[in-house]
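So that you can tell them apart, the chains are marked A, B, C and D in the order they are listed, and the count of residues begins at 1 in each.
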Amino acid sequence: MSSSELDRLLADAEHLYRDLTFQSVRDWKRRTGGLAIGYMPVYVPREILHAQGCLPVGVLGGGEDLEIIRGDAFYQSYICHIPRSTIELGLNGALDCLDGMLFPATCDVIRNLSGMWRMQFPDKFVHYLDVPQDFDPQVGGTFYEHELQSIAAALAARGAKPLRDDALAASIAVFDTHRDAVEALYTLRREQPWKVPTHELYLLLRAGMLLPVEEHVPLLRRYRELVLADAARRPMDQARVLLTGSFCEQPPLGMIKTLERAGCYIVDDDFVPVHRWIRGRVARGGAPMRDLVGAFLESGVPSAIRYAEHGGKGDDVVARVRECGAEGVVFCAPSFCDPALLDQPMVVRAIERAGIPWTAFKYSENTGQFQVIREQAGTFADSIKLWSTV
Amino acid sequence: MRIEYCIGVDLGSTTTKAVILGADHAVLGRGITNSRSNYVVASQVAMGEALINTRFTRIRNQLGHAGVGPARCDQLLGSFERRFREQQYLCQLATLESTLHGYADRTRQDPAVHRALDAIVARMRSESAGLFAEGAARKSDFFRDLAGSRFHELSEQQKEARFDVLAGLFDKSILDVENSTEAVGTFSEHARAALQAQGTHAPELARAVDAAFGDELVQVQVVGTGYGRQKLPFPEKSIRSEILCHGLGAHAMYPHTRTVLDIGGQDTKAIQVDEQGIVTSFQMNDRCAAGCGRYLGYIADEMNLGLHELGPLAGQATRQVRINSTCTVFAGAELRERLSLGERREDILAGLHRAIVLRAMSLLARSGGVHEQFTFTGGVARNSEAVKALRKLVQENYGERTLNISTESIYTGALGAALFAWRAAERADVPEEVKA
Amino acid sequence: MSANDLLSCGIDVGTSAVKVAVVACPEDGPERLLTTYAERLRRRDPLEVAEACYDAVLAQAGLRRDQLSYVATTGEGEVVGFRTGHFYGMTTHARGGLFLDPEVRAVLDIGALHTRAVLMDERAKVLSYRMTSQCASGSGQFLENICRYLGVTIDEIGPLSRQATAPETCSSICAVLAETDVINMVSRGITVPNILRGIHDSMAGRYQKLLASAGAKGAVLVTGGLANDIGLVAALRDLAPDLDVRVHQLSAHAGAIGAALWGGFRARRLQRRGRVARGGS
Amino acid sequence: MSNPATAQIHKDASQERQKRMIAEHFHRLAQAPDTGHKCAYTFVPGNLTELLRTFDVLPVLPEINALQSGMRGRSRDYIALAEKLGHSEDVCTYVKCDVGMLHSGNVGPTGERLPRPDLLLLSYTGCFTFMKWFEILAQEYECPVVMLHVPYQGDGRITDAMRRYVVDQLRRKVIPMLEKVSGKAYDEDLLRQHLARSAQAETDLVAVLEAAKHRPSPIDAYFGGVYYIGPIFTAFRGTQDAIEYYRELRAEVEERMRAGKGPVTPEGELEHEKYRVVVEGPPNWTSFRQFWQMFVDEGAVVVASTYTKVGGVYDNGFRHDPARPLETLAEYCMGCYTNLDLPTRVAMLSRYVQEYSADGFLINSVKSCNSFSAGQLMILREVEKRTGRPGGFIESDLVDPRYFSASNIKNRLESYFQMIEQKRSSGAGT
């Protein structure tokens, strides 16, 4: 029966999600002998790594199961959780399988972490990936291209294949299919949220942090087929919400489930954003590197970590709400996450102007108590439900 | 005999400890009481207890001189001390009784309340011998806890007056009792009564007690430390940082120690010391009760247990239940929830102990890790389960380490303070010593 | 009670007490509150207490279980087996608050662990809210702990606080460690009324912030157990002169009343749709 | 304390001068709506003061306003207001203080109203929050915004590509925008003249800060230091006033040094220098004086600090170079302290501990600022390891008085200094 295949598929994805030893990465390395390169949120151009024969490995902190013992020695209480659990993973050996780490320009915390990593793990390849906040192809574009070339060169010096145009073009094509597959699931969830519970979608996205893209695409497609065929998944009377703010430190699975149980259908979100960072396709028929840079400059999502002049952000959220037919917005940001929390009042302003109800709460990746969140989400769902039908 | 001594007082948030050192820096006596609303009283009581304990030490010495063998000596002293404590308890109980009635009068309670109080106190009085019988397990060393738990049990059982009223009266009265130095009585008074109560003929004991009475105890210097040290009735130069005292105290007990963890009622400290007991780095966490001894105290209250019972009970766990709340109060609520969902008390407790130790682990990491040898002090070191969890986590994260724990570890800070007192006394010619 | 009255019971399972209410909802016309009941948990199993309270309130109202059309839970009541449906705390406190005082557009629910400021419209639709989280400082439990230490019973808190002459600022933020602060104060000779009022002031400060950040204006009804604390309410009034802070003698039951009312509302709807809800389903 | 320049009881000529400079500047700002002076809001780290002056545009520095609000005891209300407007408890309090001030009439530190910006010049260095800050301000003001993105020294160095990126932005974005706003053409020679004056003052500033190598130190390089960096970090770099201020200051400090005097503190001169420490991290502004006093009470002098490098690191030899006007501005921006990677910060602190013969170093970790704080615990251990001197750690905040716990900080400082003392006495004695 198909549901058991579905169950197995999900169990596998959950297993990957909970495996704090990165066994799948170790297996991949044994199989292929390639380099595994870790990267922190939010965005790195995986196409480059892929074209050089490396496995991009998303490192999204330690999640809810990791006990922090030494990581707290690195961070004060008022700093978000993800860097401490990442350090913990580094110290407990879990990340030994990585040949290097990329720290994209996400925020001051991740930026500083790059230097800490270099001091703590002097033998490993560490690169701080600066991304431009100037989106002029001549200015920011030139800088970014240079940055990408220098990563490619550094990786090659560490034993990766040198970056070649044809390989990069091929990698861009593979990731374009991946983007399509992810988008297809998001579309399905938007249309029939009962078919694609968000905690399942989330596990699938997370699997994509570890699996080679060639394996992840079929997984996404198979899941879609299975749930479409699963007649047991029937609609319930739930409120449709867009969830925003969780782009870096990831919420615990229990929190996503709590939201769903409290009566919300999440119909759009920004979990694991590397998958959906670039809207549409990257390949545009130019030189592959220029295409990749151009896509970043022109089609990158207006996330909190990207500079936007004059209110662009709020407008984008409003547009997304309309597009996914959400009845409300849930801001769900990591505690102490500067980019997300500084953005929030600006976005709130825009959605209030648009008359969209909203609610907000904070979490950390190891939050284990969801009572407050449940109550807030429940009240929010209650009010949408009780009043939308009157 | 004239005996010179220095005394160190550690005014903790939960308990106040005093240690008396003779001129050879050997410990003569220790005293402990719970910290209370009046710091002056708390330190007086602790010092008084330490002096009493010093007398006991002297009695033991006298018995030794008189040729009494160690086994007999233990037996004599043990029963003498139990009787002594019972006298103290009865004395405090009497004060409590009159205070209770006083408050009942003032709040115009009806006669049934007085009758209920009489019945409860009478019952408690009748139980005192049992409470202090040989081998009896007591919930705590403090009158507040001993009397409190029994009072509440008896109040719930009894029919004449409402529980709320009785509990309210107790809460008021116990404060007064605690805050009076008289309520504990004096050494001589209790010693005599204890001798009498002991009944059995032990002339050697009576002689030793008399001799110990004759000693003239002379205080040379006093140093205070601890959470409340700024409030101690001592001159400023007699006050030392608790971190330094803990470092020095631990070093005195275990000269090879390099890392010290102290978990007290309100704060946790991780301290690194060098081969001379000098602190080289430290970390402390405070402001939030989660992860400190008070957390356990609170949980014990929630479960209606004594502090002494927590560890052993948790030791019987078969698995560890993860309690997610970081806040002590929420943890209390979560715990009730878990209990009602059918989790076992033991398992929940084991999880809680681990949670505390995990917090301490991160503090240790922050202070520079765990080095050989490792010493665990503070009230929580008395808790067997906390020790077990700590041992395991240290082993997992830092490898094999010698773990020093002493039954006297709660006195570490006071011991350090007393050593500082001797230093000051010995260097009295060096003016303007370390300014506190 | 008229024949087409529909009866609904609300059960608010709190962390420190269970509150229940029964309402009668006529076909048209205003709902009527029939009776309320409450019991403190005192470390008993909340489910058992909830059931006992349910029976007690029915006995008090002279009703049988099968006469009720809806049993609505709120608070921690999601696990109550005999419920018909569940509503979340802020939804019910808004409804209950509005029922008790139709002029208010905001409620401040102060319970044992959490405090919530809820804004609503004239139909009790929740417009916005703020609630405390993660830390129990300033909660009812916090106050209870302190009182235990001071040897004051809960009912005495309010009146004592009103006698304060020179409130002492309370700096400690922790609900557990605040007692050390209190020890300090007592040892400095500060009187109990001044201590309590200081604590009330600092709690009121938090609530005022909560209300302000929720955007409350005008009349606010305090609900939840701490509405009974006249000292706290007075402190809040002093601190937030721009708000009209009110209490109702049934404030502590607002959640239960609200749940009962929403239950009646849903039951009526289900009835109209031809699906009859029943207690125990 | 109402104004930094009045903090010290004994006033040197340089202090009087600084006070006058600041008053004049704020007065000019207040008059701007009438005089038609254009104003740009911009930030301290990576500020382009010389370039602004070239277009005769006056800088307004929201961070300075925020810290002044903290010192004047206004920040609590401002922050409360911002939080009420929906800003999170967790984020940088400078931003909230500024937002609160803006919504309370935008009255500056001298009591005069600040002008609305004609331009938001987002030239930001070393902190992502700046970017958000101006996104927020851009919502409040209908004025042009120009952004200068300064890349981070992720590898501890400035590459050609980085320099080119910044210069390109200056040339193609910032300068044209300034021309548009001011109506003046870009005059590179004028810029060179400003830069030459900057370099001169910078040399004197370095001499002042390095005077602390002397024993006893004639200055406090943290609490006193924040006054010394005032002019050069804010609106005055490249002015004649600044040159004179630093010349005067340097002479005064050198005189104190010759006379063997200690630093001037709020309580008068510190006579007995008992501990020498290096401090990392910004100070707390709401209890600035109390905080300083805790050091004074212990006889502790701060001999070097990193905070005095946030608006430019000069003691490594960097000077504004009139020969390469845009490149030098680019290098200046990229070289500010918080734009340095952690290994460089560790090296810098270790060097300070050694060169300034410090007994130890202290980190004041502020809740607001991830740019400074994320990683400080590691810095602590690394510097301890490299120098063998003990490190201390205290926590507070910039302008949120809720996070300044005096008893807590005092307790930690006391323990810290007693620890140094104990170490010292046992080293010498037994």
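As a convention for this text, contacts are C-beta pairs under 8 Å (C-beta built on N, C-alpha and C of every residue); 3 or more make two chains touch, one makes a residue touch a chain.
The structure presented is a predicted model; accordingly, all values stated were derived computationally and were not measured.
So, comparing C-alpha centroids, which chain is the farthest one from chain A?
That would be chain B.
Suppose each chain is reduced to the average of its Cα coordinates; what separation in Å results between chain C and chain D?
Roughly 49 Å, centre to centre.
Would you kindly tell me how far, in whole Å, the mean C-alpha position of chain C lies from that of chain A?
That pair's centroid distance is 40 Å.
Roughly how far is chain A from chain B, going centre to centre by Cα mean, in whole Å?
That pair's centroid distance is 52 Å.
Please list all residues of chain B that touch 2 or more other chains.
Each of 287, 330, 366 in chain B touches at least two other chains.
Note the residues in chain D that touch 2 or more other chains, in rising order.
86, 377
Among all residues of chain A, which ones touch two or more of the remaining chains?
Within chain A, the residues that touch at least two other chains are 73, 369.
When you draw the chains as points and link the ones that touch, which shape shows up: line, ring, star, complete, or other?
complete
Which chain D residues qualify as touching chain A in the complex?
For this pair, the touching residues of chain D are 85-88, 90-92, 95, 127-129, 131-133, 135-136, 138-139, 145, 147, 149, 151-152, 154-155, 161-162, 164-165, 168-169, 172-173, 341-346, 365, 367, 370-371, 373-378, 382, 395.
In the complex formed with chain D, which residues of chain A make contact?
Touching chain D: residues 73-76, 78-79, 83, 103, 105, 107-109, 111-116, 118-120, 127-130, 132-134, 136, 138-140, 142-143, 146-147, 150, 304-305, 307-311, 313, 335-339, 341-346, 348-349, 362 of chain A.
Hey, which residues of chain B end up touching chain A in the complex?
It is residues 322, 324-325, 330, 334, 358, 361-363, 365-366, 393, 397 of chain B that touch chain A.
List the residues on chain D that touch chain B in their complex, please.
Within the complex, chain D touches chain B at residues 298, 377, 381, 384, 390-391, 393, 405, 408, 411-412, 414-415, 418-419, 421-423, 425-426, 430.
Within the complex, which stretch of chain D touches chain C?
The touching residues are 80, 83-84, 86.
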